[in-house]
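Chain nomenclature is as follows: A, B, C and D, assigned in order of appearance, with residue numbering initiated at 1 for each chain independently.
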Amino acid sequence: MSGCPYFEKRHLLFKNKPPTAEGEEDASQAGVNKASKGGIIYGEYLQLDKIVSAQVLQSELKGNKIHDEHLFIVTHQAYELWFKQILWELDSVRHIFITGCVRDERNMLKVNNRIHRIVMIFKLLVDQFSVLETMTALDFFDFREYLAPASGFQSLQFRILENKIGVPDNLRVPYNRRHYRDNFKGHESEMLLATEQEPTLLKLVEEWLERTPGLEVDGFNFWERFEINIFDGLNKEKENIEAMEDSEDKEEMMLELIKQKELFTSLFDEKRHDHLLSKGERRLSYKALQGALMIYFYREEPRFQVPFQLLTSLMDIDTLMTKWRYNHVCMVHRMIGSKAGTGGSSGYHYLRSTVSDRYKVFVDLFNLATFLVPRHWVPKLNPNIHKFLYMAECCDSSYCSSEDSD
Amino acid sequence: MSGCPYFEKRHLLFKNKPPTAEGEEDASQAGVNKASKGGIIYGEYLQLDKIVSAQVLQSELKGNKIHDEHLFIVTHQAYELWFKQILWELDSVRHIFITGCVRDERNMLKVNNRIHRIVMIFKLLVDQFSVLETMTALDFFDFREYLAPASGFQSLQFRILENKIGVPDNLRVPYNRRHYRDNFKGHESEMLLATEQEPTLLKLVEEWLERTPGLEVDGFNFWERFEINIFDGLNKEKENIEAMEDSEDKEEMMLELIKQKELFTSLFDEKRHDHLLSKGERRLSYKALQGALMIYFYREEPRFQVPFQLLTSLMDIDTLMTKWRYNHVCMVHRMIGSKAGTGGSSGYHYLRSTVSDRYKVFVDLFNLATFLVPRHWVPKLNPNIHKFLYMAECCDSSYCSSEDSD
Amino acid sequence: MSGCPYFEKRHLLFKNKPPTAEGEEDASQAGVNKASKGGIIYGEYLQLDKIVSAQVLQSELKGNKIHDEHLFIVTHQAYELWFKQILWELDSVRHIFITGCVRDERNMLKVNNRIHRIVMIFKLLVDQFSVLETMTALDFFDFREYLAPASGFQSLQFRILENKIGVPDNLRVPYNRRHYRDNFKGHESEMLLATEQEPTLLKLVEEWLERTPGLEVDGFNFWERFEINIFDGLNKEKENIEAMEDSEDKEEMMLELIKQKELFTSLFDEKRHDHLLSKGERRLSYKALQGALMIYFYREEPRFQVPFQLLTSLMDIDTLMTKWRYNHVCMVHRMIGSKAGTGGSSGYHYLRSTVSDRYKVFVDLFNLATFLVPRHWVPKLNPNIHKFLYMAECCDSSYCSSEDSD
Amino acid sequence: MSGCPYFEKRHLLFKNKPPTAEGEEDASQAGVNKASKGGIIYGEYLQLDKIVSAQVLQSELKGNKIHDEHLFIVTHQAYELWFKQILWELDSVRHIFITGCVRDERNMLKVNNRIHRIVMIFKLLVDQFSVLETMTALDFFDFREYLAPASGFQSLQFRILENKIGVPDNLRVPYNRRHYRDNFKGHESEMLLATEQEPTLLKLVEEWLERTPGLEVDGFNFWERFEINIFDGLNKEKENIEAMEDSEDKEEMMLELIKQKELFTSLFDEKRHDHLLSKGERRLSYKALQGALMIYFYREEPRFQVPFQLLTSLMDIDTLMTKWRYNHVCMVHRMIGSKAGTGGSSGYHYLRSTVSDRYKVFVDLFNLATFLVPRHWVPKLNPNIHKFLYMAECCDSSYCSSEDSD
């Protein structure tokens, strides 16, 4: 920003200067003025003529200028700017997956960083409510009437964002009894439909998880080994309990053991998984779930370190989106009350209904916490598997390493 | 934002609905769709066509699209959006002062809220660095060369902001040995000059402080009473020390007492004040300083409660602007190193030199902490003064209470 | 903190020094070392021997030291430290109300600042989750077993906090089918019962609101005037609509008008209010609600400025407590999954059920947004009422102005 | 925290339950109460008797209880709690390095996560100032006199933290003209000396960087290749410029080229490096600097992805510590003014002098940004080097993989 010395290059590829022994006093004035020599300047570069001229108050147009409407506009514009940035990152990550470049594991750093950047932006967006919250219900009331029928629901970028991450069409809460897409005009509705048909981040991550090294049935065969270990473990547990003297404790432990067995029996039941999938209670394929669990258990293996971070960041996105929704609900409650929406809009109650696990795309990653087991139940890696968990795959095609690829 | 039910009014002045006994499930769908009936919709209202089309990558134009340049642009645009909002609030507050509407004490709530809003925006702007910090020096290096000679220094809105708050022209650090204004093109340079000539927030607050009730020489005469109390207190202190047995402690206490006396003698020395003013080490007039100190000591009196909050918020702005500058320095250090600027730009060192008390407009309010005294040294209020510290001034002219006035 | 120069006084009442012309270099070394002369030092003052020795890992005691348990302990201890501070502020505010000192309006600044401080602490507590979230479900799993049957539900300070603010006993979600108090041991259970019987912040605010100047039936009589204005307004509205040509729009507007009328009829129906009170859907008395609405509408009157801020801060506390609960739910989902609690604990689902308006103590203040009306429907103040809205009440008893009073 | 369902295990190794089809209503009550069965409970586990009883107000002891002193104590205790946690993480990371376990690259995830956790804690500590800032200078003045001679400078944990990270003894700003250690009592002074003599994080990272694969002179020999490429590049640049027609631009470009050459000549000058080292302007050995630069340029190679993150996190720690110091300065300015310290303590000016690059331990990592070059100047990796940049080193000794090792 101010005095920001970023933009200094012109002719040479680079022109850093050798450190000198100058004192600070001089150093702060050591620059050369170049703005006068032509080239793009700050305001043009950022197209500020567009950005800072886009605040038109409806209240003013209607002859009753209300001061706080300006804040309302700027806040929403800031949200939309950041949504654009999130889409930029999301599209680039999806592109790396779609083109297969993710198989070159050098690209995992990029994928991880960009997903992490989305996380940081969402954190900012959650904090950003604190600014709009300086407007009271009474200030808002003064210009609210001029805004109809505009509604935040109509944020196209936010709906696209949800679609591209993987909020499924059929799990969405309807809006005023209509399918969400029917609340948009023709052109926008088509764009939404189109994004629903593109591969979602969820789908792409799923395919990648299905390829997790170690799952191969003719190789390490993690899933089979894991199943064996678990039931061995549970059986030993059972023997231990049976050897105890009769007591209330013993009874209780036996009951719990039975429940554990049911839990894991359900984990290894592919049909049940598919049934939950069909109901939307699970989102990842059976194979992808195995991959995720494998990454969880072997997260310290060099090849899994960054993938494990990635799974964590995906949960961060889900969590932050849901916090964002909840912060939104809280603000709306304060602005228009809880009952306000029963007429002209479904406001508070509609929003509250979206703060739900239905909108958590990577809910399976959270629920894997249910299936954690003690470290010594996890199948040991043998030297062979070690080798390939230490050796990353690469691909020297310039295609995947060049910036153009994303 | 999404599903935001703000915009619901159309024909009636208001149309909240009576609470019903509907369960949540139904309540979330109880709205009526109005978008189809015409009127402005979200994207038009926010002029999103401008906002989200203003990201043109210089690297792409020059045939080498660099992914991270998009973040760089969006971040700066978000800063500029918020600068616009800060200017909006600042202008409205200055207007209330300039028109004299601040004398109607009903307007103090507005003044205070809007200054507080600026505080909240600056907090967000400080946090916002965390997003740009997801870009590494190496990512930045890839497109830095395309940006010359644009520089964050050229942010017109930020310079105007500084001017309107009250950063004085003659205390500014030169930029590359030039007067700050000479780094701007003709039209912008004129705008800057114009804002230097408008009444600054500092100046307006100064005039308001000079009118603090209780300063009247023919009334409560705070300053004289305060001076008397202080020197009485110090003399009693001296007597107490002199009555002590000789010891190292006594000696030290006496030395400290002498320093205290010097300190307060300097406080009541108007000529010294004016000398410090001329050097830029003080910024408020002698009288305004008295008003500020009076508000400090009697902050619990009803008429001074909101003024005291205002003084606190003014310090918050100073503090946050300086934190913003320092966060900026930290980011630049990481992006281009400390020595980078010795040639093409004075970067790191220029910015570091602006993290200085010279840029703290309300520095006097901070330094008043030097002149605090025990509560019992503060002149007691008598019933007469009480009355007017409990009774606010008002003015029923519709001019000052209507929204148009700001 | 480090180098923090707070603690400098010893013998004199104060000993600030006169500003000198020393350069920074010297100034940074201008102090005098006093630690050697006796008196309390930092570590003793803060009782750090207790604070930093209170981290005993259960996992270590049980022979399997798990690194991350330390974070778990420190995080919870930090929460408890801050809960203690919140209780300190809350008790002092309640004391000011209970003793009647709140009638001396000088004390409103104190009340407001302390409530605002609670707000700031809750903001920190919400942010603090980001630290514990650096622990993954797998890290937690490693030591989780050692902690039973300890549970965060058992945080006595948090339950007391809820009680003192005003979460009513009968609206609490039971914990594992038991009354919340039955989950505590004898002594603690008694303490909880005792705090339930003390005047809650809600109750004290209610009594204060009931005394809002302007409500007097033999004075300004706000409520009657307000009722008259509203129904006059609605009737004029009705005439305007009836004068329109028949159309779908007209019909819709008429329907909405009817709903408005129902809404306001319900507002002025004291019996209905008492019915909602009995069901826990309202929490403030009918009279207190009138006071709150009066403060809302006349918030710019000098006497109402700080009261209005107070009402806003009370909503902030509610909002932040509910955000804190929701952040907690999110973390638990990640740590143990959503289904985990169906056995040994009701975990995720219990917590989720507390993120509810039932736990919003000042829910009525939010819902007042439903009853906003255009500014010109609000009864005009006449000169008489003006006077007392500009003139605060005070009380010169030293009791209420001394620190001991709180 | 409240209702936190963490602590649920007792007898079995784990006892998650199979998901059931229960509705939320029931699910929230599905737990079993275990507290009554014995075992540790929340308050005992956290030793809350110590934690929440450690707030003794000096003002109260001296007969003049000042409300705000409680906040002052709790805030500092919270800082110390978190310092303890930071030391816990720091010691564990240092242990992994000291024992050589860092050579098993599986441990990089742990190292990275724990360093990242320190980053997150420092972020919280920076935010935490917002709570103490709710105390005004006047509130502080009321109890400041009771605290002498305690001083935040005396925070032993913070000094140890600085030492263990690597703030060198000889670059520290003296405190009141004395060596920092001389401000501590005998026992503490010895502890400080001892920590100065332990391997610092800086030193350990340096040794690790010196072993960066690819630096081997008989292997890939990065440094030689890099030097060749750079001077080749610069020479080609020179030819291009010489081929231009004479102009002001050409002259300027030639001047800049010469400066570039000087800059890089200095980079490859080991003697100069050692000279800067001796002055404290560089902190890493010549070899370690090479390793860091190598990781920078090849950060996408699988083996370097996590090391690159680590270098970034180390800069984060430096940046956040410096922001913490700066926030501290800002608060002190507000609390006691800028001149206050010229007598009893060097306050503001001492603190300000520590906001300096002298206190940035990893300053070399920032300054590497000065030596970035275009991607095509970076030596290409050949298939051999590729292999070992994809294949991590491991070590199967149980020593390094068990928790005891750290």
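One rule holds for everything that comes next: a residue touches a chain if its C-beta (ideal position, glycine included) is under 8 Å from a C-beta of that chain, and two chains touch if they have at least 3 such contacts.
If you're wondering where the values come from, they're calculated on a predicted model, not measured in any experiment.
Chain centres computed from CA atoms place B at the largest separation from subunit A.
Comparing the chain pairs A-B and A-C, the larger number of C-beta pairs in contact belongs to A-B. Measuring from the averaged C-alpha position of subunit A to that of subunit C gives a distance of 31 Å. Between subunit A and subunit D, the centres computed from C-alpha atoms are 27 Å apart.
Spacing of subunit A relative to subunit B, judged by their CA centroids, is 35 angstrom. For subunit B, the set of residues that touch two or more other chains comprises 13-19, 141-142, 256, 259, 299, 335-337, 339-340, 343-344, 370-372. Subunit A makes touch with subunit C in their complex at residues 136-138, 141-142, 256, 259, 296-297, 299, 312, 315, 319, 322-323, 326-327, 330, 333-340, 343-344, 355, 357, 363, 366-372, 375.
Interface of subunit B with subunit C (complex): residues 11-19, 105-110, 112, 233, 237, 249, 252-253, 256-257, 259-260, 262-263, 265-266, 299-303, 305-306, 308, 370-374, 386, 390-394, 401.
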